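There's a structure below that I have some questions on.
Every chain is named by a letter (A, B and C) in the order it is written, and numbering of its residues begins at 1.
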Amino acid sequence: MFTLLNLITMLVVGAMILGFIAGSSMFLIWGERKVSARIQSRLGPMRVGWQGLLQSVADAIKLLLKEDIMPTGVDKWVWQLAPFFAAVPSVMAFVVIPFGKNLIVKDLNVGILYITSITSICVLGIFMAGWSSNNKYSLLGGIRSAAQIISYEVPLILSIITVVMFTGSLSMQKIVEEQSKYWFILRPNLAVAFLIYMISALAEVNRTPFDIPEAESELVAGYHTEYSGIRFAMFFVAEYTNLFIISAVAATLFLGGWQGPVLPPVLWFLLKTYGIVFILMWVRWSFPRVRVDQLMSFTWKVLTPIAFLNLIISGWILVR
Amino acid sequence: MELPVREEEKNIHSEECYMNMGPQHPSTHGVLHLELKLDGEVVVDSIVHIGYLHRSMEKIAENRTYTQFIPFTDRLDYVSAMNNNLGYCLAVEKLMNMDVPLRAKYIRVIAAELNRIASHLIAIGSFAQDLGALATPLFYCFRERELILDIFDEICGNRLTYNYMRIGGVQFDLPDGIDKKIQDFIKCMRSRIKEYIDLLSYNVIFLARTKDIGVLLKDKAVNYSVTGPNLRASGVRCDLRKDEPYLVYDKFQFDIPVADKGDVWDRYNIRIQEIEQSLRIIEQALAGLPEGNPTVKVGRIHKPPAGEVYLRTESPRGELGFYIVSDGSEYPYRLKIRAPSFSNLAVIPELIRGVKMADVVSILGSLDIVMGEIDR
Amino acid sequence: MKKYTNNLAAGIISLLKGMGVTLKNFFSPATTFQYPTQKLPMSPRFRGLVDLDPQKCVICYQCVKICPTGCLSIKHKELAEGKKALEVFKYKMEFCCFCGFCEQICPKGAIYMNKIYEVATYDHEQLYINLLNPKKYDEWANPTVK
């Protein structure tokens, strides 16, 4: 029965999650700048606040105060809705992320399936942005990005299915509880699945070395070139929220979620997630970019066959 | 077996689009205007437009004395200014049959080779950045370059436009303590080269972006008068420091790295190996530095006898040539500069025919051109 | 098949080596310094802006003749007994190419280059400097150290 107490609980938890997302994105943006700076032997933001912690706040204020320009000739409704299609699914995926033993908004029994289906909507946002800007370079960026994301969904889902086979359930809390003996990454076939998952997830969120649509490509400026101010901020926040989500899912599926000996579970979960976020940032600043056709040939000729092989071997191990 | 083309496909009208890789662009090195004709993603044809940085240096030279023109040579190839100074001063000295003290020759070799390392560091760093390794190799290369620029700052007082060589010698003698600084730099640089090789050279993504791309065959390279590391990457063993040694290069032992395929990776790898060889030369030069006074006082107005001279030296980009015609007065009658990047750039329309867009930037970065000396 | 796995293994190892290099640099100290609050001193031979010691000048016009861009200009007046006195010594800073010829050719060391390197101004008039004024560089950043 749906009472007032339920409503208030939902609203309070929702507000907490949104607050956490905003704070986490700002922290991740600051973290990215600091990590990239230390790798490049320089210091990063240092002036605004202690060690530059308030730099993201200053950037957010700056973006909010910018003029809202809509170029002529754009497809009006599509152009205005595109940032929302990119940002909202990322926030929606937070419903099933297990922060602790009972700290999950709603433990759906199709947890991991829900996450993969919701994050697939992000492709729509990118493609809409590319199409509706009256700009042939944005269109090229949008098309490339759509092809990239759709192709990399296949190895991603295959590696997730490998994990689900070992637990027998799609629910996130059950997956974490299955790992109370030892974490899934310690099994060799699941370690391979972890690697495949990481590479596919990097390609899903358009990060280097797969960031062809987003970073300053050779000529074109990418699908979000016609956006400024708060709309651009939404794309930006969506990217970092996506980064957090894929790290959280990796920590849950492979590293044991919130399980750990001494510290409180929330702390373990955050430690593992931010550890994987650090590794992803480290990868970003180490490698050059892949070319578009090499990207596609890599996924269809290398990743997908290995993922299928891994699935068959895991099935054989389970049946034995 | 050829697949049969359907009737409808033959009637599809597809156009080629013209795209400008304009004068302002993050990936062209300087103000280069490349007009491309694209068919989808593949480049069909291209036209190169230059001249955006033309400062009429050759005309200015006709109204300046020989000593007064030296600061202008700094600004030709601003990345390796010592080599330009060197080429010009050697040309004027040959015209006047002037001899240079031995210590000055050794100091000139040290300065020129240090500048070769600095120039190759920029080439490698910006090439890696064009490929998408967002600024990490670039910062590492510039960190090493800062050490070289600090050494030059102590020697002559400036970091980029040195104005160090004079007609007959150099401006100042080496200050005290510079010996140790250069030795420290050599040690530091050797360990950093290993880092670059680990970070970039055999990285599988880097190899996929650079192997078998932009292949410049041997005969084409010679026909287009490509010189420098680009020519050596195509298999021609040609280096002016060994073929026609000037200064004291015949006293040092060093190798000339030559590759055989001529693709983008070879051009990059040769530059890394050349840095190592330059370090060897600097070590030998420091060890054998003789005593003497290498300085020249400014103020003498040189009046070379009437005649002409063409002298070429090996700059980091290729063969830099100075052609001076003198009519006996204090101003040159005609000064012509043969810039290596000008001939290297001429190969571009040939090399980028039929490659994808992403490779154009790769090829352009590997040729290592500087617009300052192309446009003069 | 064997070549395929060899290629894969070599690829992964190369990527890990690259990541090792960046990690090593992550833990090394930074090589930059915070510019407006920390400023490095310039080397002794550094060529900044042109400065003059009017007492030592013998008005030989050598610096004017050797300047490649013609940024110095002198006017003098004749006093009694063949002595000369400086009237005007103008320096057009926007033409100066900071080559250092004037400093090297001066027989008495009267004209020299100081250590000012922050030479951006808001006012165009500030670029025409009268070298005879002893307070000419007072409002510029950095002391005039010879």
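Here is the rule we use: a contact is a pair of C-beta atoms (placed from the backbone, for glycine too) under 8 Å apart; a residue touches a chain by one contact, two chains touch by 3 or more.
Since we're looking at a predicted model, the values are computed, not measured.
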**Asked** In graph terms, with chains as vertices and touches as edges, which category applies: line, ring, star, complete, or other?
**Response** complete
**Prompt:** When the contacting C-beta pairs are counted for A-C and for A-B, which pair yields the higher total?
**Reply:** A-B
**Approximate Å spacing (C-alpha centroids) for the pair chain B, chain C** = 25
**Message:** With centres defined as the mean C-alpha position, give me the chain A-chain C separation in Å.
**Reply:** 49
**Complete:** Whole-Å distance, C-alpha centre of chain A to that of chain B, is 43
**Request:** Send over the residues of chain A in touch with two or more other chains.
**Result:** 39-42, 285-287
**Message:** Give me the residue numbers in chain B that touch at least two other chains, ranges are fine.
**Reply:** 136, 140, 143, 199-200, 203, 205
**Item:** Residues of chain C touching at least two other chains
**Value:** 15, 18, 21-22, 25, 31
**Prompt:** Which positions of chain C touch chain A when the two form their complex?
**Reply:** 8, 15, 18-19, 21-23, 25-26, 28, 30-32, 34
**Prompt:** Hey, which residues of chain B end up touching chain A in the complex?
**Reply:** 17, 19, 21, 25-27, 41, 128, 130-136, 139-140, 143, 199-200, 203, 205-206, 208-209, 356-361
**Message:** So in the complex, the part of chain B that touches chain C is made up of which residues?
**Reply:** 64, 67-72, 136, 140, 143, 146, 150, 153-158, 161, 163, 171-172, 175, 195, 198-200, 202-205, 297-299
**Request:** Write out the stretch or stretches of chain A touching chain C in their complex.
**Result:** 35, 37-43, 46, 282-283, 285-287, 302
**Prompt:** For chain A, which residues are in contact with chain B within the complex?
**Reply:** 36, 39-42, 136, 208-209, 211, 215-219, 284-294
